[in-house]
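Here's a structure for you.
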Amino acid sequence: MDLIISLAINGLATGMLIFLLAAGLTLIFGLMNVLNFAHGGLFIWGAFSGVWVYHASNSFILAILASIGTGLLLGLFTEKLIIRPVYGNLIQQILITLGFMLVLQELIKVVFGPNQKAVAAPKVLEGSFVIGDIVLIKYRLFIIILGLLVFFAFSYILKNTRIGLIVRAGVMDREMVEALGINIKVVFMLVFMVGAAIAALSGILHAPYSGVIYAEMGLEFAILAFIVVVIGGMGSFKGSLLAAILVGLTQAFMAYYVPALSLATNMLLMVAVLIFKPQGLFTVKG
Amino acid sequence: MNSLLKLENVESFIQQYHILHDITFDVPKGEVTVLLGRNGAGKTTTLRTIMGLNPLSKGSIKFNHEEVGNLRPYVIANKGIGYVPEDQGIFGDLTVGENMRVAIKKEDEETQKRLNWILDLFPDLKKFWNKLGGTLSGGQKQMLAIARAYVNENELLLIDEPSKGLAPIIVEKVMESIQQMKETTTIVLVEQNFLMASGIGDHFYIIDDGRTIHHGDMEELKSDKALMQKYLGIA
Amino acid sequence: GKKESTGGGDVQESVKIGVLASLTGALESYGDQTKKGFELGMEYATDGTMEVAGKKLEVFFEDTETDPKVARQKALSLLEDKKVDFLVGSSSSGDTLAVTPLAEEYERIMVVEPAVADSITGSEYNDYIFRTGRNSSQDAVAGAAAIAKPGVKIATLAPDYSFGREGIAAFKKAAEELGAEIVHEEYADQTATDFTANIQKVIDKKPDYLYVVWAGANTPWNQINDMKVQEKGIKISTGVADIATLPTMIPLVGMEGFTVYYHTLPDNGVNDWLVDKHKEKFDGAVPDLFTPGGMSAAIAIVEALKLTEGDAHAEKLIEVMEGMSFETPKGTMTFRPDDHQALQTLYAVTLEESDDHDYPVPKLVRELSPDETAPPIMNK
Amino acid sequence: MKLSNVERSTWLYVAISLALFMVPLFVTGRSMQFLIIQIFIFAIFAMSYDLLLGFTGIISFGHVMFFGIGAYSTAIMLSRFETGLGALFMAIIIAIALSAFVSLIVGILTLRLRSHFYAMLTLALAGLFLVAAEKWTSLTGGNDGFTFRIPEILRDSQILYFVSLTLFILLFFGLRRLTKSPFGRVVMAIRENEERVQSLGLHVVHYKVIVSIVSGVVASFSGVLYMLSIRFVDTSVFATEFTIDVLLMTIIGGVGTLIGPIIGAGLVEFAHHWLSGLSDVHWLFERWIILYGTVYILVVIFFPKGIVGTIQSKLINRKQRAHLPRVNKSGRQGKKSA
Amino acid sequence: MPAILETKDLSIAFGGHRAVNRVSVQIQEKKFTSIIGPNGAGKTTFFNLISGQLTPTNGSIYLKGADIKKFSTADRTRLGIGRSFQITNVFPNLTVLENVRLAVQAQSKVRYQMFLHYLYYRKFEEKAYELLKKVFLEDKADSKTVNLAHGEKRKLEIAMLLALETEVLLLDEPTAGMSLEEVPGIIDVIRQIKEEENRTIVLIEHKMDMIMDLSDEVFVLFHGKLLATGTPKEIVANETVQSAYLGGMYNEQLT
């Protein structure tokens, strides 16, 4: 029983981290229908810039703010120069965002050097609570809380403002939204910036979790995030959360009980979802 | 005569195609101006050019004596112009209610009053308030498109073939609604249903091959069979 | 055009060497180390003349991008266009294996450095391949030598692919020969970020040691620490890699393991020269994990050419290189005649905090002699 | 069919093909030939991808699995059995059968659903193939891979060049004909509006499954050739990077043009080779990947439909402008009297 | 005369809403049947059920006595039910001629032919061109379909339906948005098909004069149910129909 609780909590934390990673993607992919392969690039830039500030200032809070700032800025730049010319064209999106991904990834090495960087959790979040045989890693609890916070904040915003509707409408028919008196360009830009900021945030949060950051992790994690978005049903925030948690938990339990298949966990999960519930596991409207 | 919208020698290209050659017309405030013409004459393109959805290559478009040619569509819309597009422009993955919410500019009492009036006009919309726009019937979509334009207070409405796909009884309601709105709102109407066009139109312009080739009072046209035969092909 | 260009050497004025390494991409820091080490090695072995037996030495570096296809293409270009007499490389085993058959086909010596796969000098062996880098089995034997004693209970954790599986298999064999007992083998997804389940299983088995084989940036160290493995009386042991990874090992201070190289460990003149020269040339930076390897490869080539008096024909070279001993920053290395693997010193270390760095550094426990770490012969 | 009916572009392609046969006369270096062979291989791979993406509108994120199937069948057959042409022939048969089977299954499972399901299922399956290759070490050599020998005659670089070129040309003309056949027309209509094709009385799923099979089989040929050229296999032949590469090649050249992916393959291989070679010139170019990524971005901005696609539509526009009045009246007449 | 198409208790519900509710009708061979009804009455949905775009929750559909409920859209087209769409639904990036050519080809035996060039089948192209002429669209033959004006798209929709040469033609508001001048021409085309080719035509329209002019029989749908059937005259005289559908304006017109 203790073991199960331990596994569950850790799985949940992994899931939350994946959710944070996927959240930016869901927002951009789900609302704006943009397949943003540069997402991983935003993620690593968030991680590296945050860690740089963290090491310079010794303050994790500053680091988080810095990476959000980086995300917003990069988001602005990316939307204006990279994404704007290719709205509504999936194929061009793939090419241009992959190209930009390469540039972002390689630029990391120019700016921060080619080596991986070790990152420790801030002192307050280091170590774990031990209750009986249950080990609760502090940093993971922190991530779980933060993930839930992001989830509820965004669910609230999307539900209670017109923004979500406008963006979705804009994707279906840009012209019509403009003809209704809405400056869709600005709306898209803001949404993209926010998506980029969450990606960057998940980057800095990921750093102490895995203890190390490196330029190539961007694409790796972006693919994972993409899988989660699909399993959750495209564009559904709740779906992404549940799918991410499902992936986290499955990984944790498979690694313990069926280690032989743990390599294939994500893929098997995806195959199962596609075959048995192709609309996505948790398609919820909105 | 107090003119609200004035087009002078408007020309427009879509990609390399020269679609509008010379459109000139004048929309007096508080009246219904009808654009007539055969398929492909350029009526829709004219409305789209006014809305800023097509580039204006030459000529001028003045709204309230202010040049609006080639402004961004949302700027034009916010000057008080509403638009019902020919293809309805319904957001298929949004519900009827959400479609309306996207359109509503400010949520005040006035708007609520208008909304109630619209829902009385088209009870179907009320009934299917939570239904996805994409699953509506053709006529219901048309109603929704009209409703979206009605819900904000606009000085000018551009309406492209509203009667298309509507049951006769609804066409009648739409005509009535336009009559009611004339007090506050000026209307440019593209309409093929001559019964409707002649029923509510005050003036008409005939467009052919991207040019305005004739205009006059609707009453005149209704009584002048030769004119109708010449320009509209109806006896 | 076939045949015309086989056999180099006799009339040529110079001897050409092509070095393949990952100079961009995920392994670029390894490639960079090899490159720097090789350049310094040439300088050291020729006393700065870049000549041996009256012949000029020319070196060409090519980037394999860690892609077997590119590696092969670059190797072909080196062999055909540059007409090199030696190949050296490369940073990844895949790149290396895509090239070794070319060494045989063109009858050129290839010095493998630092690719570790056993199969290079095992199942995929050919006579033209010599390896100055250590192989996975050597690591495993060293890992075992560092901790295995009669009565010691060991659990293992490794990534779930051939590198991890083979590494553990070799470790197990060596450790059991030394009298230890392997109580549990745990394998984790190589891309995993959550190791708690695996660590939990290890804890359940209550071993004396947890021996970890890991490669890749997603390390389990933090989580091992967070789950208080060491507090539970389980000691950690693993191989210490390059300097960039040392900060990630802060949670492992006190662990007993082994390493291929750390600049303070070897005690010999060649290493002193290397450390000094490296600092001088590269802004005070010290040589890293694979720098001495690159240097060793260069020294091996120059020494062999000295023995053949500048003759770069492969048959001649093979003859002198089999069994050849040469001095490297890691002490004396010897190419074992059976499989051309260089037997070499590895180092048993503990990881200790250091005053000079904000990361822990390995402290020598004892040198593991070339004989002690000799891997099994696998090319038969 | 009379010669006069043959399209003008066909003559152009025939001429280019003949010219390609001459290339080894000038390019004698084995490494350059190797590079060109790689272009043929990836051109085949990219054409197969274009058939899916460009002509039918199906996105696959796991196309590499067919490449890998071709590669492993070849590697395993050649290393297990005598390295004669017989083993190679068997390998090809196995590659065809296996990739046809896999694409049939994937097609049947997902092609009746919305388009991205195919993308995701192929991604997942390619991932599973990768895991299988990594785990089944006795057969695949796992992550380390293994080397093997190929039939004596193919070891000669020139001969391998001609073999690859011939296969490439055959497949090019074959696929071109397919896209211009009545079948191909339907397939292009499916890309435009699937539902409508259905109500014309055509079974969309049949077409898509057939396309998916053809594309899978063609892709597996590129895997076979790849093995003959590098004679070493490891699990990287199932790596997602290959899918991304082939996706980029197809898009850069221009989707739905068939010739575009070929140009894309050439461009990507050469740009890659050339840019990475620049690192000797200046230290700035050590980060050549930045330039490489920038090329992608520039292509989208200056050639939004891909290189061939953009040029084609420019040409068509010019033609239309020139003939606009005539096409409607006299232009049609000519056709009817013929 | 036998019924070529027959529905029995045909129903479909979306969520709780019964869009078509137990509709049983018989459509006579070679007759002209019209369906009218208010917006949202279920007319298009009824077509969707017959042509296979939707699967009924209840009831059955018979074509010449055979139950076709299990058949796919494509199969039903091959069996002889062709339809046009209310919202124009064609291949936007192909030319107008190509659109029709595809429909002609779909009807032929070379649907899976992969090895011959499509231009080899010249007769398809000629036939397509003939059809475009029939609907007065030949001068747009080489335009991309996206670039057509609304009315032009409606004509293309009709040409494509004619190309299928099915026994039964389902026309969903074919003249909506077509100009006054052109409507009579299209009506002529439809009449001509009815008279010369003896095909069965089912029409949905809101233009009452057209219904009156062409129909042999009229069905009225109301809230998913069959409200009335009869000759055009009977229907127009029906008071329920008048109040539910036609409204005052039409009556004024009649009187």
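Just a few scattered comments:
The letters A, B, C, D and E name the chains in turn, as written, and every chain counts its residues from 1.
In this section, contacts are C-beta pairs under 8 Å (C-beta built on N, C-alpha and C of every residue); 3 or more make two chains touch, one makes a residue touch a chain.
Composition by chain, UniProt nomenclature: A, D = Branched-chain amino acid ABC transporter permease; B, E = ABC transporter ATP-binding protein.
For clarity, every value in this text was computed on a predicted model and none was experimentally measured.
Listed here as common contacts of chain C and chain E: D.
With chains reduced to the mean position of their C-alpha atoms, the one farthest from chain E is C. Chain D and chain E have CA centres that are 42 Å apart. Between the Cα centres of chain A and chain E there is a gap of 49 Å. Chain geometry summary: the mean Cα position of chain A and that of chain C are 37 Å apart.
Shared contact sites, meaning residues of chain E that touch two or more other chains, are absent. Residues of chain D in contact with at least two other chains: 134-135, 287, 289, 320. Multi-chain contact residues, meaning those touching two or more other chains, do not occur anywhere in chain B. For chain E in complex with chain B, the residues that touch the partner chain are 14, 37-41, 43-45, 86-87, 147-152, 155, 173, 176-182, 184, 206, 208, 244-250, 253.
Only residues 82, 85-86, 89-92, 94-96, 98-103, 105-107, 109-110, 223, 227, 230, 234, 263-264, 266-268, 270-271, 274-275, 278 of chain A touch chain D when the two sit together in their complex. Those residues of chain B whose C-beta lies close enough to touch chain E in the complex are 14, 17, 37-41, 44, 86-87, 124, 128, 135-140, 142-143, 161, 164-173, 175, 192, 194-195, 199, 232-234. Those residues of chain A lying in contact with chain C across their complex are 3, 6-7, 10-11, 13-14, 17, 109, 114-118, 120-121, 127-128, 130, 135, 137, 139, 208-214, 216-217, 220, 248, 251-253, 255-256, 259, 262-263, 265. Of all the residues in chain C, the ones that touch chain A in their complex are 25-26, 28-29, 32, 160, 186-198, 200-201, 217-219, 221-223, 226-228, 244-248, 250-251, 359.
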